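What follows is a set of structures for review.
Okay, so subunit A shows up in both of these, paired with subunit B first and subunit C after.
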Partner chain A sequence: MSVLAAHELGRWYGQVVGLSDLSVEVEPGLTGLIGPNGAGKSTLLKLIAGEIRPSRGSVRVLGLDPFANKELHRRIGFCPQQDALYDDMTGLALVRLLVRLSGFCRREAGERARDALERVGLGEALDRRVGGYSKGMRQRVKLAQSIAHGPELLVLDEPLTGLDPIARRDVIRLLRELGEGGMSVLLSSHVLHEVQSVTDSILLLHRGRLLAQGTVGEVRELLSQHPRRVEIDARRARDLAQALIGNPDVLSVALERAEDEGAGDRLIARVKSAAEFFPFLTTTAATGGFGITSLESPDDDLESVFDYLVP
Partner chain B sequence: MLRATWLLFVTHLVRVATSKRALLCLVVALLPVAAALLVVLISQSEGPPPALIIGWSLEVQLVVPLIALVAGSGVVAEEIEDKTISYLLVRPIPRASILFGRYLASAVFVCAVLLASTWAMTTVLELAGSGHEQGLTSEATRRLMLVAPLGGAVYTAIFATLGTLLARPILFGMGYTFAIEVFVANFPGTSQRLTVQYYLKSLFVGDAPDLAERLDEALIAVELVGPSEALRTLAWILVGALALGAWVVSRRQVVLAA
Partner chain C sequence: MASTHLELYRRFTGKLRPRRMAFWPILTSGLRVLTKRKFPLLVLYAIPAIATIVFSFFVYGKFAAEEQLAPSLDGGFGLTRMLAKQAMNMLEVKNQIIEFNIQMRLFALLAAAWFGSGLLCEDRRVGAHQLWFARPLTKLDYFLGKFLTAAFFGACAVLVPGLVICLVASFSSPNWSFLREEGDVVLKTLAYGVIWVTLVASVTLCASSLAPRRGFAMMGTFGFFVALDALAKVLGSVRDEPDLFALSPLMAVRQIGYVLFDKESTWPGITPWLAWTTVGVVTVGSLLVVAWRLRRLEVVR
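Take a look at the complex of A and B:
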């Protein structure tokens, strides 16, 4: 069963469109929701968490209508975007209270809260008041309360905001572990490489609309009208360029001289379709002996995809 | 429902008692005590007992609704203003339990503060021995100890519900307190029946002709209902307010600014 199924989903706030005509299905696993500020990410996540209702269309989460749905709320964890917590409580007391509200007894809630806080790296600070936490620690408490009750689906709104690089690395690792453990994760971010470091599967939103869905590569493949850049380091780059230029998928080639004299040159090709080009390149390289030492396609990264899709 | 209500009650009771709102409530609660001290200083042994006049005019008519407003308006609205309500809305609990748990905590706090305020005010007057009829003073004190907390519980329910409906419950609550509860309650005619004050006054002096007579020396006389009818009406107002609040919370979409 899909974790999220939205059909012609729309939500507006007075005259402002938060989300418009969104139809999408998200399968279990890790999925990134990306888009610039105002794209509709938080609106979609609030609809998923059941804080608000759609203005039109429908949304089902784990097969259920999410608004004020106790059965669903037993099965999801939500980390909101806003930096708001009960500042007068300790980290442990706060998470324990929220776990108890999820139906656990005091003892088990305490154990789960402690475990979740340790998993997010707050084991040393769990008896300190949340009001004294740094921004990064507050972000991690929010994450801890969302995972402590062991949900099937984790909904995270900008969970990496405010974290220092080390904490960010740890949280990314934790999210991957949770995904490997069978938990589905839906996380939003406007920082593209953050999402890419957690998952390859993305939903791309812009101005309340779904622009694209799939893996980064698949999304990139959809953009046939946008040429793709391929960079190849080869000892006989000039000969390779001659071999490639005859291929109809290759729009242009250019050579860059390497600084190191013995390293060969760099060939930069713009191609129409990666699916057609890479098999051709493999065959050409295998038969031609061009001395290829590296191959990369920088357009595969989300930043490029995003630049293409969002002018 | 009961478990979630209890958990939120216990949590909120500690928080409300240590909040800035609590401090403001305590300051307001000192007003009758200050008034009692003033009366002691300029005391004359004529006229109605001060415990009766201060108790009714200041404690019940002003301090009770104001303290209930400060504590009650934050019951749900505070969670929304602080943007912490998200954590509660995504838990498998009835949404109404957020209102009930936090209302109970606020009501307990309000009642405790009002009891302390009333006790302190009457103690000051008793210690000073102002020379007024001791029997009437004792009777007024005894009745105040019931009417003030009861009024606090009813007003807290009203203002808690107001907080589920409006973005700025304190402003509207102030308007309601002064325009309806203070003004209309002292306006001659049957419009007084539209106020909580009318029923609190009925409970206060409705079956005590001596107290009513002395109170009417200072205030406009009105025809009151019996204590049982007053109590029934106040109970209905409290239950009705909470039912409306629970209905609103259960259906309300909470849109928090980022």
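Take a look at the complex of A and C:
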């Protein structure tokens, strides 16, 4: 069963369109929701978390209508983008309170809150007032409250904002572990490499519309009008260029001379279809003995996809 | 090496008990947080506490002195005088309790407004409502949690002192005579306190739901009561029309207090049903605004 199924989902705030005509299905696992500011990411996540009602269309989360659905709210964890914390409470008291609202008794809520705070690296600070926490610690408290009750689906709105590099690495590792443990995670970010470091599966939103869905590679593959750049370091780069130029998928080749005399040159090829080109390159390389030392496709990352899709 | 922590993050597969009274954790956590502010507690409750102690001694003294009066066995005037004295004492104690209750309403307003003004607007400002409503919590539970928090602080200034004095009167009166003869004063104290606390908490939450910050909400709450009181006094005095004083919730509740305790009100003499109407309209109106604002919480981006 898909964790999210939206059909012609729309949400607007007066004259402002937050989300428009979104139809999408998201399978269990880790999924990144990316888009520039104002793309509709937070609106979609709030619709999923049942915080707001759709203006049109429908959304089902874990097979249920999310708005004010108590049953569903026990099964999802939501980490909002806003600060959302009470400065006068301790981290432990705040998380315990929220876990209690999910239906746990006081004792178990306390245990789960403590575990979750330790898990996000706040074990030393759980009895301190939230008001004294740094921005990164506050972010981790929000994350802790969203995972403490053991939800099936975790909905995270910009969870890595404000974290220092070490905390960011820890949280990314935590999210991957949660995903491996069977929890579905839906996280939003406008920082592409953050999403790419967690998952390869993306939903790309822009101006309230869904631009693309799938893995980064799949989405990139669909952009046939944008030739892919392939960079190959080879000892006999000039001969390799000659071998490639005859292939109809190769639009152009260029050579860059290496600074080091001993190293080969760099060949830069623009190809129409990676799916067609890479098998051809493999065969050519195996038969020609061109001394290929490295191969990369720099615009195969999320940022390039994003640049192509978002004008 | 990668590690997993599935022992901590096992998915919850059991059946969670549906939480009745889901407002309770909100109420208790709200009280715990707000009572950490010791200075406002001291300032706001010092006068009610002192007044309660003084009045308790007064009531105790009245009944203690009464017990010293030995019944005169030589009949006639001695016994009559003693009974008359007792009746006078009882009446005096009752009147003191009534006046005490009515005057305490101002402190209840101060306390509820001070502690309750931030309850909704601060949640909205920091976005905490998003955490609440991502839980199995209805807006009614949320409202009740917040309302009872504000009401608690109001009740501590009017209801608790009133009941404490009734308790002192009950224990210190000879043969529980206070309870036997004026037992309804306890219930009326309770009723009066509940009416006033409900009104004050409703207006406070209404201001909090409309204002962007706690300070504005507090000013709104005080401003509402002070402005209406001033307007009512000006209009009532200029037009020489006692019922115009009913525009002021403060005076309307004072009138209701006198009506509840069956005591004649000399000034301004508002018609009781007008006083009830004012209190009812203000309370219901405030609650409707709160309900509307809570409903609109969902569209906050």
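The rule we apply is simple: the second predicted complex is superposed on the first by the 311 of 311 C-alpha atoms of A that agree within 3 Å, B and C clash if a C-alpha of one lies under 4 Å from a C-alpha of the other, contacts with A are read in each partner's own complex, and residues count from 1 in each chain.
Everything that follows uses one rule, which is that a residue touches a chain if its C-beta (ideal position, glycine included) is under 8 Å from a C-beta of that chain, and two chains touch if they have at least 3 such contacts.
Quantities reported herein were computed from a predicted structural model and do not represent experimental measurements.
S.K.: Consider subunit A as the common anchor and indicate whether subunit B and subunit C clash or fit when overlaid.
M.R.: clash
S.K.: By the touch definition at the top of the document, which applies to A:Met137: first (subunit B), second (subunit C), both, or neither?
M.R.: It touches nothing on subunit B or subunit C.
S.K.: Mind working out whether A:Leu22 is in touch with subunit B, subunit C, both or neither, as first, second, both or neither?
M.R.: Touch status of A:Leu22: no partner.
S.K.: Please indicate which partner A:Leu178 is in contact with in the superposed arrangement: first for subunit B, second for subunit C, both, or neither.
M.R.: second
S.K.: A:Asp88 contacts which: subunit B (first), subunit C (second), both, neither?
M.R.: both
S.K.: For the overlaid complexes, name the partner, subunit B or subunit C, with more touching residues on subunit A.
M.R.: Comparing subunit B with subunit C, the partner touching more subunit A residues is C.
S.K.: Can you list the residues of subunit A that touch subunit B in one structure and subunit C in the other?
M.R.: 13, 42, 49-53, 68, 70-71, 73-74, 76-78, 80-82, 84-86, 88-89, 97-98, 100-103, 145
S.K.: Which residues of subunit B touch subunit A in their complex?
M.R.: Going through subunit B, the ones touching subunit A are 4, 7-8, 11, 15, 18, 82-84, 86-95, 250-251, 253-256, 258.
S.K.: Can you list the subunit A residues touching subunit B in their complex?
M.R.: 13, 42, 49-53, 67-68, 70-71, 73-74, 76-78, 80-82, 84-86, 88-89, 97-98, 100-103, 145
S.K.: Under the definition above, what is the set of subunit A residues touching subunit C in their complex?
M.R.: 13, 18, 42-43, 46, 49-53, 68, 70-71, 73-74, 76-78, 80-86, 88-89, 93, 97-98, 100-104, 115-116, 118-119, 142, 145-147, 149-152, 173, 177-178, 180-183
S.K.: Note which residues of subunit C are touching subunit A in the complex, please.
M.R.: 2-6, 8-12, 16-19, 22, 25-26, 29, 32-34, 36, 126-128, 130-139, 298-299, 301
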